[in-house]
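I have a structure I would like to understand better, so I am pasting it below and will then ask my questions one at a time.
In this document, chain identifiers A, B and C correspond to the written order of the chains, with residue numbering beginning at 1 in each.
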Amino acid sequence: MMEQTPPSATGLTALEKVIAFVDERVGLKTIQAKMLNEPVPGGSRWAYVFGSILLFIFIMQAVTGILLMFYYVPTADHAFASTQYIIHEVDYGWFLLSYHFWGSTAMVVCVFAHMSQVFLWGAYKSPRELIWLVGLALFGLVMGFGFTGYLLPWDQRAYWATTVGVEIMDKTPVIGDFMARFLKGGATPGQMTLSRFFVIHVMILPAGLMGLAGLHIFLFRAAGPAGPFRGTPEEIKAKTDYFFPRQIWKDIVGMVTVFLTICALAFWEPVVLLEEATPDPGDYHPEPEWYFLFLFQLLRLKMFGGEFGQFVGAMALPGAFMALLAALPFIDRDPERNIFKRPIALIGWIMVMAMILLFTIAAIINREFLD
Amino acid sequence: MTERESTSPLKLGLNVLWSACWTGFPIKLAIALLFLALGMMHFEARIGLAFLMYLASPVTVFAMPILSMAFEPHLGEGFGIALLFLLCIPIDIWAMGVVSRTVFLEKLRLEPPDGLALSLWIKTALAGAVYMPILWFVVGFVTENSIAMSHALFETDLLKAVPVAEKIGIELTLWGSVSLGVLLVMLLIGVTLVGRVIKSAAQSAQPTGQSYQDIITRWDLMRVPADQGLMLTAVTLVGVVLSLLFWAGLPVSTPHPHECCKKPEVKAQPPYKPVDALNKNEKAITVLAAQVESLEKMKTEEEAAKEKEKDKGKAVKAKPADAKAPVKAPATP
Amino acid sequence: MMQPKLKSKVRATDREIGEVTRVIVDPLSHEISHIVVSMNGSGERQVAMTFVQSVADGLVELRAAARDILELPPFKRDEYVTTHEVEIAHLEEKVHVTPGEVLVPFPELEKSVKRRTFFMNFTHVIGFLIGLPIAFPVLRYLMKPMYSPFDNGWLKVGNISKIKQDDIGFQFKYKRKVKEAYMPESEIEKNVWILKATPAVLDKVYQGKDLEFKDAYGKAVWTNKKDVPFVAFSGKCPHLGCGYKWRQHKVLGQVFLCPCHLSIYDASGKVLDGPAPRPLDSLPIRVSATGEVEIIDMEFKAGTKTQIRII
């Protein structure tokens, strides 16, 4: 019943001999078994695939990002030209760039899906508080990736979206000016901004993400999977299986679906740049990436007008919401995990999602009113 | 235990449709991607709709042609669309089979009868073909009217002064919730219909005598093919062939949007521009008002002139002024 | 929870029957479900914890007779894995029966080997099929600038009036426009050695055949006719690409001399001394009626015996 093949009478194959050599010294088979044979209570589930999918998307972003760096240069005089070179001259460059672009959208969507799944399953509750906190930090990093990466093509859209975003951060009391100058590398956006955003996007955030993701997975394994929130012990036991192969298989089907979706989006709308960035916005109306649109629209409301109002709308309110999320496992001590028995949680989740959706769509509608 | 809850038609329908949709989806998506890469089909902006129609589930597969004929939701062009539609049929039948057998075993504790896949697929596809156009029409009607009503609301004197961003937000909430509510209700009704179809198919089925653990093991092992080597080799070969086609067809530099489906400069959504409409109306009104004013002025001048003329004794017949010509109202947008 | 230690003696109601050889734990509840008793050699039996009356230091007392225990099903080691081979978090906090073997049963669904191998192989297939479609585009993407097509444009380098004597090398400097990828167009300075050859030297250069230059597809670009007295040599030494000079050598007379590694060539480009693997590379040359000299700029791989064009 064990998965090891017994040594046959005729001796081991060459590959088996190599594996046995390493195994004797490192304990390879035990490590592998320990990593893979984790019983998932209630069985592997499609709902659990989002964590692995996020890892897959990150790896794909890293791979396509590295490939893009073969031709992209982060200088104000060549960033735009090199990006256009990738899109128009390099074989399949348009495809890899569009994949990278849509991959970032997929990452944000899956982050929302993963956080929602964890929230609805109550898997942030004791003893999983630390996993949740690290996860929130990872969420922040993903948003940071989106924000910094957006500037790199150095076209009008990139330049002005970043300018507006950093100006908003500037409104933070006390430290706002320092933060904004730090990001811009000066008083106005220019080469220094591009260099800083590039190093943050390509070195600092990836290192941070890899470290935190490793910690996230380690903490998850230490606590064990939470499993389904309902079902009798008999049902749960009957359906229990190991992480490998069933959950891994579901993970990979999820990955392939996401991969194909990103490719399809790359075909449907390949990346097209606007004109090169200039200090004069002209007719162009700045707009951030779609996953920041709801904040963007929020700031258009009259109640957030004025300097302090912009700070409240853009930084204080979202910040307070994130603080609430962070405090969640410590406030919500009820061990009940069934979402249908946690009305506040369910309604809260629906309302937050609805609000974000509403404001995003409103921002899109608002485009027509800008002229 | 959970048996009683699971046999409600709504839960049953939801279970089967949701699972069948996602079971077939990756395969359909791979084929759709290949067709996109080879330029065999082009989608317009409403790709979300395309997804729902083609890739979602058995119930939509017949509905799509009917809808294109009746209501013209033009999704795109290319013979790849028709081909994809044809290929969805066997995939859906297979997905239906896997899902329905699992549900029969686990939730209903019944032996799945032979030919369940095909019979269920035909019934659900026909049900969809009838129901989806109704849903489309109803939801479309309600949405249009609620949008119009919410606009009208904000054109009243009371609410005219509300700033743009707030107005958009509130309007969207109003018509959005109405539209969404109607859509959800229609969907629930449709899903329950499918649930009833499945339940009637279950009437003739025999109960299995097996224990819970055995049932779980059975449907779990159903997913393991009898000849693994053959299946895996076949999948790999098909994948390799599709990859080769993909490489051959993938455009080397950015594909230009097909003539049919160029993204319009304005949004593809029906452009309702209340401010523009208001402005246009206002302009028209000011023009009309100015015309009326000038007419009145002319009239008073004429009358004054008439008086003068009368006084002078000479009555000059006032020329029928252009003011008599009917003023055409500008066409309302 | 009772913690029967391994190697404790086991006693049924009537007599001692053996010792605890293994402990079985339920993977979900983390509770000890069974002990395995050695039965003093008559085959291990799996005994549920419900049979255990009490656990004291080194002794486990059962509430059934030895006969009843013997009738229990024999212990099947195959249906279990050790806790080293399975990941159960925080097990040690609940179960204190080390040292020895603590076992965990396979979940029911995992008992089918066919199932495990199928999903494992299917996962590998899908993983392979994710990587495969992007392999080719990525390769082409990376290789884009590696094999750029040749530029076979004619460049003016000067006038033959500069050449005062036969069989003497004269250096002509010229500029070549270069556009690399997205960089703005720039100019690089190059030089070419041209000489007006007497028939004897000309014969040594061409060896009776016209010199044909082909492009990457094998199509002829230009032919240097063997009777045209003007010869152009690429300014880069075929050894490692250094720029060479025309000098007076003590023994060999007037020669082309490369200062890097002292390759020496005669007026016809033939190697007289030094590490050069082949003679000087000839370039396409044409001279107009007014004496304007034009060449096609080419570069060849350094250090190889056969001439391979790279630019």
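Operating definition for what follows: a contact is a pair of C-beta atoms (placed from the backbone, for glycine too) under 8 Å apart; a residue touches a chain by one contact, two chains touch by 3 or more.
This one's a predicted model, so the numbers in the text were calculated from it and none came from an experiment.
The busiest chain interface, judged by C-beta pairs in contact, is A-C. The chain with its Cα centroid farthest from the Cα centroid of chain B is C.
Each chain gets a centre from the mean of its Cα atoms; for chain A and chain C, those two points are 29 Å apart. Distance between chain B and chain C, defined via averaged C-alpha coordinates, is recorded as 48 Å. Listed for chain B are residues 213, 216, 220, 250, 252, each touching two or more other chains. Among the residues of chain C, those touching two or more other chains are numbered 108-109, 119, 122, 129, 133, 137, 140. For chain A, residues that reach two or more other chains under the stated contact definition are 89, 91-93, 95, 238-239, 241, 253, 256, 263. Of all residues in chain B, those touching chain C in their complex are 213, 216-217, 220-221, 224-225, 228, 232, 235-236, 239-240, 243, 246-247, 250, 252.
If you check the complex, the residues on chain A that touch chain C are 1-3, 30, 33-35, 37-39, 41, 43, 67, 70-71, 78, 81-82, 84-85, 89-93, 95-96, 221-224, 233, 236-246, 248-249, 252-253, 255-256, 259, 263. Contact residues on chain C toward chain B in their complex (touch as defined above): 108-109, 112, 114-115, 117-119, 121-122, 125, 128-129, 132-133, 136-137, 140.
Per the touch definition, chain C reaches chain A in the complex via residues 27-29, 78-79, 81, 84-90, 106-111, 113, 116, 119-120, 122-123, 126-127, 129-130, 133, 137-138, 140-144, 181-183.
Interface of chain B with chain A (complex): residues 1-2, 22, 25-26, 29-30, 32-33, 36-37, 43, 47, 163-166, 168-169, 172-173, 176, 212-213, 216, 220, 250-255, 263, 266-267, 271, 273, 275.
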